[in-house]
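Comments concern the structure below.
Read from first to last, the chains carry the letters A, B and C; within each, the first residue is number 1.
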Amino acid sequence: MQLIAEDLVIDRGSRRVIDGLSFAVKAGEALLLTGANGVGKTTLLRTLAGYIRPFRGHIRLDGGDAELTVGEQAHVVGHTNAIKSSLSVAENAAFWNAYLDAGESAAPRTEAALRHFGLEDLSDFPAAYLSAGQKRRLGLARLLVARRPLWLLDEPTSSLDTASSERLVAAVNEHTQSGGLAVIATHLPLALERVRTLNLAAQRVAA
Amino acid sequence: MQTLTQRLANPTRFMELSARLLPWISAASAILLAYGLYLAFIDSPADYQQGETVRIMYIHVPCAWLSMMVYGVIAVSSFGLLVFRHPLADVSAKAAAPLGAAFTFLALLTGSLWGKPMWGTYWVWDARLTSVLILFFLYLGLIALRSALEDEGAAAKLTAILALVGVTILPIIKFSVDWWNTLHQPSTDFTSTVDPSMRLPLLVMAAAFTLLFFAMHLKAMRNEILRRRVKALRTQAVAGRDRLAAHATTQGAAE
Amino acid sequence: MRLAIREGGAIGTALGFFLVVVSLMPLGLGPDLNLLARIAAGILWIALLLAALLSLNRIFEADYEDGTLDVLATGPLPLELVTVAKSLAHWITTGIPLAIMAPVLGILLNLDLAAYPVLVATTLLGTPAVSFLGAIGAALTMKTRRGGLLLAVIVLPLYVPTLIFGISAVAAGAGPSGFGASFLILAAISLTTIVLGPLAAAAALKVQLQ
């Protein structure tokens, strides 16, 4: 499987944010998007996810499901966490499991997801009581529930302490090891395996 | 062979073309307006029922027609934006909305002034006036929505969606208002049948107003294009002057 | 549908608003029971519309703010169906309670007894249109501050047919000839909005998500 972007030109309002960008991400690989604020990392991620239509250019997932768009085979974790405060931690996870992936049994997968991010003892608490870091971890746990081949992450380590960041890195590594792909926008270093960097300011890909 | 809309799609070409057309349209509209007013106020007979006040009809009816036509223009422009992504479609819709609202308001105002001598009150809830009033609200909604949204690209598309929703519901609204009217009062026909001698001034005034709208619409579109150009230039200038901007700008900011 | 069940509602506020507005009417118009009985259907329908408007702009706002809308948009359900679920949830949590409360408030207005069942029937039939049309307005005004006011300006003209046929159906139903045309037209309008409303609302949401 390969994520291929060709000659992407993306406008936001009257500003041309991305002008003729091409890159590819192979299965088992993570691509880090770096660059100063405002250079277009979030815009590129949202375009890959399908929210924004590029002015020109193509995005496709070779080897993926031909019936689905790229966005439908991806899972995005952006700046917000998509957590409902009135529900408990477990209920939040269960809802996403049921919504995103019908037909699979809920409990084992959501438990495993919560456990990976250290939230299993909090599962009955209302999500409103969680700290900012814990909410971020719950938002990231959704990645393990969604089970999509392409992960699109926007500043995933924000609000995370060192231990939690390590859990995230472990999750991404496991994901790429089993053949998944990831595109991660960050301006902090992430110790990932099998990683390449794309600096959007210079629009060059470094191995 | 490009179609007319395709050739006009380029804003620069549009500016050139409209610059050449505008004086002619304005002149034609002025002439027709003068002729129409002459016919309306001097040459045509007074109505045997209503006397001199019928002359307000020569302004009221064309305004009402125009208020509907302009909404049609907005609807077509909105369709052009959403389906064909025509670059000038949004400029057209944005320019037309205030004009349409103005014509609608004029229609209401003249209708009210016309009504006073006829029915004794400044307002009556008959089918046509009520429909025009609701049309006025639809225009207000379009203008309000666009001005509330800061992101111009999103504002363009959202306003277009609202315009298309409005144009779809408009016939239903008209139908429901007519229904409501027949329920609540016996039909007092607002316009008596129009005498042939009155048709000519009416048509002339209608044509005059239509040309007037086109002239104003073109002018407003030109203004809007210019405004957007200024805005784009300023945005670029802001990006170019940022001393902390890390990227090497290929556009070559003047340092 | 799971989505629909997750909706809370500002239903208490909406019901309270309904009560207060209806109560204000006699205060403003005078306690002449005959007068009130004649215009009761109209007052109830209008107050119901305004009360429903109160909760409309929250349909999408909460999900947009916490990022849920982003995830919903990339899920297996097309955004149109998500909108149907949201509109349905609004109807169930707001429209139906208001419709049920309407005859209760009719007491305050000396509504003719024969009109009670008709009133409930017509409001139950007409309130889906309120929710589904209102969803369009909610989607359009999702990101604006004080969107509620703008929502009302945009959406109220669209409610005119529902209002007219709703009241007309009540009047016709309470009279000798039974339900008749208004009722059917009201049903047709509601059904149309259920189909077309989500299309427009989803289109607006896609623009907003960019």
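In the analysis below, a contact is a pair of C-beta atoms (placed from the backbone, for glycine too) under 8 Å apart; a residue touches a chain by one contact, two chains touch by 3 or more.
From a predicted model like this one, the values you see are computed outputs, not experimental measurements.
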Chain pair, B-C or A-B, that carries the greater number of C-beta contacts: B-C
Computing the C-alpha centre of each chain, which chain sits at the greatest distance from chain B? A
Give me the ID of the chain with the smallest distance between its Cα centroid and the all-protein Cα centroid. C
Using the average of all C-alpha atoms in each chain as its centre, how far is it in Å between chain A and chain C? 38
Quick one: chain B and chain C, Cα centre-to-centre, how many Å? 31
Any idea how many Å lie between the Cα centroids of chain A and chain B? 46
Two or more partner chains touched - positions in chain C: 210
Shared-contact residues (touching 2 or more other chains) in chain A: none
Counting only residues that touch at least two other chains, what does the list for chain B look like? 153
Over in the complex, which chain A residues touch chain C? Could you list them? 46, 49-52, 71-72, 74-76, 78-87, 95-96, 98-100, 102, 139, 142
Residue numbers on chain B that touch chain C, as the complex places them: 82, 134, 137-138, 140-141, 144-145, 148-149, 153-154, 157-158, 161-162, 164-166, 168-169, 172-173, 175-177, 179-180, 183
Please give the residue numbers of chain A that touch chain B in the complex, ascending. 12-15, 35-36, 39, 201-202
Seen from chain B, its contact residues with chain A in the complex are 151-153, 228, 231-232, 235, 239, 244-248
With touch defined as at the start, can you tell me which chain C residues reach chain A in the complex? 2-3, 6, 8, 65-68, 70-77, 206, 209-210
